[in-house]
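The two complexes that follow have chain A in common; it is paired with chain B in the first and with chain C in the second.
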Partner chain A sequence: MVDALFLGFAVLTIVSAIAALEMRSLIYGSIALMGTLGGIAGFFILLDSPFVALFQIAVYVGSIAVLILFTVMLVKRELIFKMKEDRKRRYAGIGLMLIMMVALGSLLFSSGLPSITTDEPPVDYKEIGKDFLTYYWPALIVMGLVLAGSITGAIALARRVDGVEDEQRTD
Partner chain B sequence: MSNELIDFLIVSIALLAIGIYGVSVKRNFIRMLFAIEIIINAANLNLVAFARFIPNSEGQTLALFSIAVAAAEVAVGLALIIVAYRMYKNIDVADFRSLKG
Partner chain C sequence: MSVIAPKFRLGYLIKGVIDNIFWIILLVTLIGIPIVQIVLIYIDFPIIDGEIWNPFRVLDALTHPERALPLVVSFMQSDLFKVVAFPGFGFAALIAAATIFIERKMLAKLQLRVGPFYCGKVEGILQLMADGLKLISKEIIIPAKADKPIFWAAPVLFAATAGAFVALIPVAPGWVVADIDLGLLAVFAVIGFFPIITILSAWSSNSKFPFIGGIRALHQMVSFEIPLILSVLGIVMLTGTLNLAEIVQSQANFPWIIFMPVGAVVFFITILAELERIPFDLPEAESEIVAGWLTEFSGMMYGLVQLGTYLKLYAFAGLFVVLFLGGWNGPDIVPPFPAEIVTDGITILPGALTVEIPGLPLLAHEMINGTIWFMLKTIGVILVILLPRGVFPRIRIDMLLHIGWYKLIALSFVNIFIALALVYGGVIGPGGIL
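== the complex of A and B ==
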């Protein structure tokens, strides 16, 4: 049975995902994306995974969405509202989306998954901490290095060299 | 728990399909990044849903790693957008042609 909370989160997530892609203004689009990410955090809470939900809110809704918002604000005003797309390509995209939904949905319903429910107690978040520090510790260290490297790379990429005129291409 | 596994999987499939639509149709670099984020979130939802119904803690651990990698990816992606915007004064991917053979 689907409860009202689940339905609310589902509507929020899917409607705001469509709005994020289809809204004319990129700023409203990124705010709608925040709705999608928050809705997913809600699903995580429904799935008894409060730790992942917390992480989702802190990383996605808190930092990534704000980062995207600031990047959008660095872009010229007319580019924020510009929506240039091929009509044929759009219909092909919608077709691809529907085919994907129908194919994966029918695959899902023909599998044994619809009958799965659970009465077992949720996994304790202490388990996750233990996993991180015992079995997955090399991965955790590599993750830290990857994050540090990517942030350094991002800063190095976006750095503006003072005194040098921006290169502008006309082609 | 009143919800079944299939409910979460249906939402996940819907998000995946919307994300693929966005990646294939949109030509705006930032909107393509939105679509990629939506796809990554669909995958995370799948991981956590299966982890809850099996049940084990590995799915949640993997979802946490995935969120961290996605954060790194977005940081680099946005830096690339800034660089590309500075070079071409545009964020339309069709205009980024210097790598075209």
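== the complex of A and C ==
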């Protein structure tokens, strides 16, 4: 059962990833991207970490995919694709991907990770949360400040002043 | 003068109905029954009390109450019953239907109108059924330049997502379709699908009004999801769990709304926005953009979207009850099932005839009591959700986003700090006073 599920998720992830790259329609491409991200969430469920899986769905499928859809719908197509499609580029990309996969795979297989056996239970997400709130609290606060700063910076950069300054009635 | 069906004759209708009945009987006898018999050969039947049970035996047992009740009880514990009937789809769809009718009647009374009146003699009680028949019998029109696969899939996906949301709501102790440890996270994951489906259906219809409505819906839902999640964090901090049933159990003595009124108010306002109800019904603003993202839907596709919307309304009201109002907790109002019937049976003629019925009581006492309290609270919340529609006007999109991003997020942080103060002050939470 688990093997069949794994195969199913693998096929879903890879096929929809290829579809996300190759589809002519951008909307269908982003739907296929949702399929890829959902397949990865399925892997997390198979790995006994539903917490990560649900966050994967809520954040990646629910928010990131919406952002991509939004961008695709609102931005003119010529603005996204200035580059013409090129056969050489495609083959180069496939070659680069193969080199990356072979390198990563050889690293993984030579690292001894596949032969590790451990009896330790998986780390509970509640423990991670407690550690973050007690021992590692400075790191949490620094992370929060960095994220807030980057969001504020992004808003400040993306702000456009054009047209009517203030349409809102204040009375 | 145009007539809708110029060649209509009652005789044609009767002939058509009889034709259909004839063909159904013929096809069922020639194809259906042989298929059923072939399938029955290959099914392994369960063995109960040393006897092999087959469908005929089950039908036979159903005629005897003393043999039927255990079957019914065991069927009610099965997943199929939970998904289809009680805490799942059937129950939620009934409440959704009642909500539609009550909404129309209540709005009419609020605005000094009559509302549905003629259909069904008594206060238009059959209006819903008539509307459903009308929707089913209408033609489904798809715009010529629409993106057909997405356009077809969107209403089904919408109703299915709403159904998935309903499945997570616990109604009574042990009565929930999907009792998972991370229920609240699953709720957020499911809610995240609604804006995608909305914007995809709006885009796929290839029409201006739906697209404007879809963009508005996307803005609104995405920006109100953040205060929605933040306003619930306080409860997760106080209870230390994400399981919805455990959150309900933690409110046995007092509901969380006593300690977190700010969070409850923020959550309620975000519910209104997520459900696209007045005063936040910009995606469906009928006076500006026809029907918003629903403009191009016709017939039963529109019906499915409506069903999904009202299922979502029930699920959000149920979530509010579960998180803030104590779910199924409440004083006993149902008398317990008399124990002597279970042990001794029912005495019909004293000394002569006693009927012992195994399998009683059919439903546990706390389940009935809990369901009644959950229903009462949920219906109350639904009424409060419906009420602004008769009172408030629609607000502008910039005001909406302003409320969402400035005020509600700030208020939900206030709520989180209240929860933190309660936890670190040692009042509630793990190891607290209460």
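Note that the second predicted complex is superposed on the first by the 132 of 171 C-alpha atoms of A that agree within 3 Å, B and C clash if a C-alpha of one lies under 4 Å from a C-alpha of the other, contacts with A are read in each partner's own complex, and residues count from 1 in each chain.
As a working rule, a contact is a pair of C-beta atoms (placed from the backbone, for glycine too) under 8 Å apart; a residue touches a chain by one contact, two chains touch by 3 or more.
On a predicted model such as this, the values are computed, not experimentally measured, just so you know.
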First, second, both or neither for A:L145, with chain B first and chain C second: neither
First (chain B), second (chain C), both or neither touched by A:F55: both
Which superposed partner A:M34 touches (first chain B, second chain C, both, neither): second
First, second, both or neither for A:M97, with chain B first and chain C second: first
Partner chain in contact with A:V66 - chain B first, chain C second, else both or neither: second
When both partners are placed on the shared chain, which of chain B and chain C touches more of chain A: B
Set intersection of chain A contacts, chain C complex versus chain B complex: 51, 55, 63, 74, 167-168
Of chain A, residues touching chain B in the complex: 1-3, 6, 10, 13-14, 17-18, 20-21, 26, 29-30, 33, 36-37, 40, 43-44, 46-49, 51-52, 55-56, 59-60, 63-64, 67-68, 71-72, 74-76, 79, 82-85, 89-90, 92-94, 96-98, 100-101, 104-105, 108-109, 113-114, 116-120, 122-124, 127-128, 131-132, 136, 139, 143, 146-147, 150-151, 153-155, 157-158, 160, 166-169, 171
In the complex with chain A, residue positions of chain B that touch it: 1-11, 13-22, 24-28, 30-31, 33-35, 37-38, 41, 44-45, 48-49, 51-53, 55-58, 60-61, 63-65, 67-76, 78-83, 85-92, 97-98
Complex interface listing, chain C residues touching chain A: 147, 150, 180-182, 185-186, 188-189, 191-193, 195-196, 199-200, 203, 215, 218, 222, 225, 240, 398-399
Touching residues on chain A, where the partner in the complex is chain C: 27, 31, 34, 50-51, 54-55, 57-58, 61-63, 65-66, 69-70, 73-74, 126, 167-168
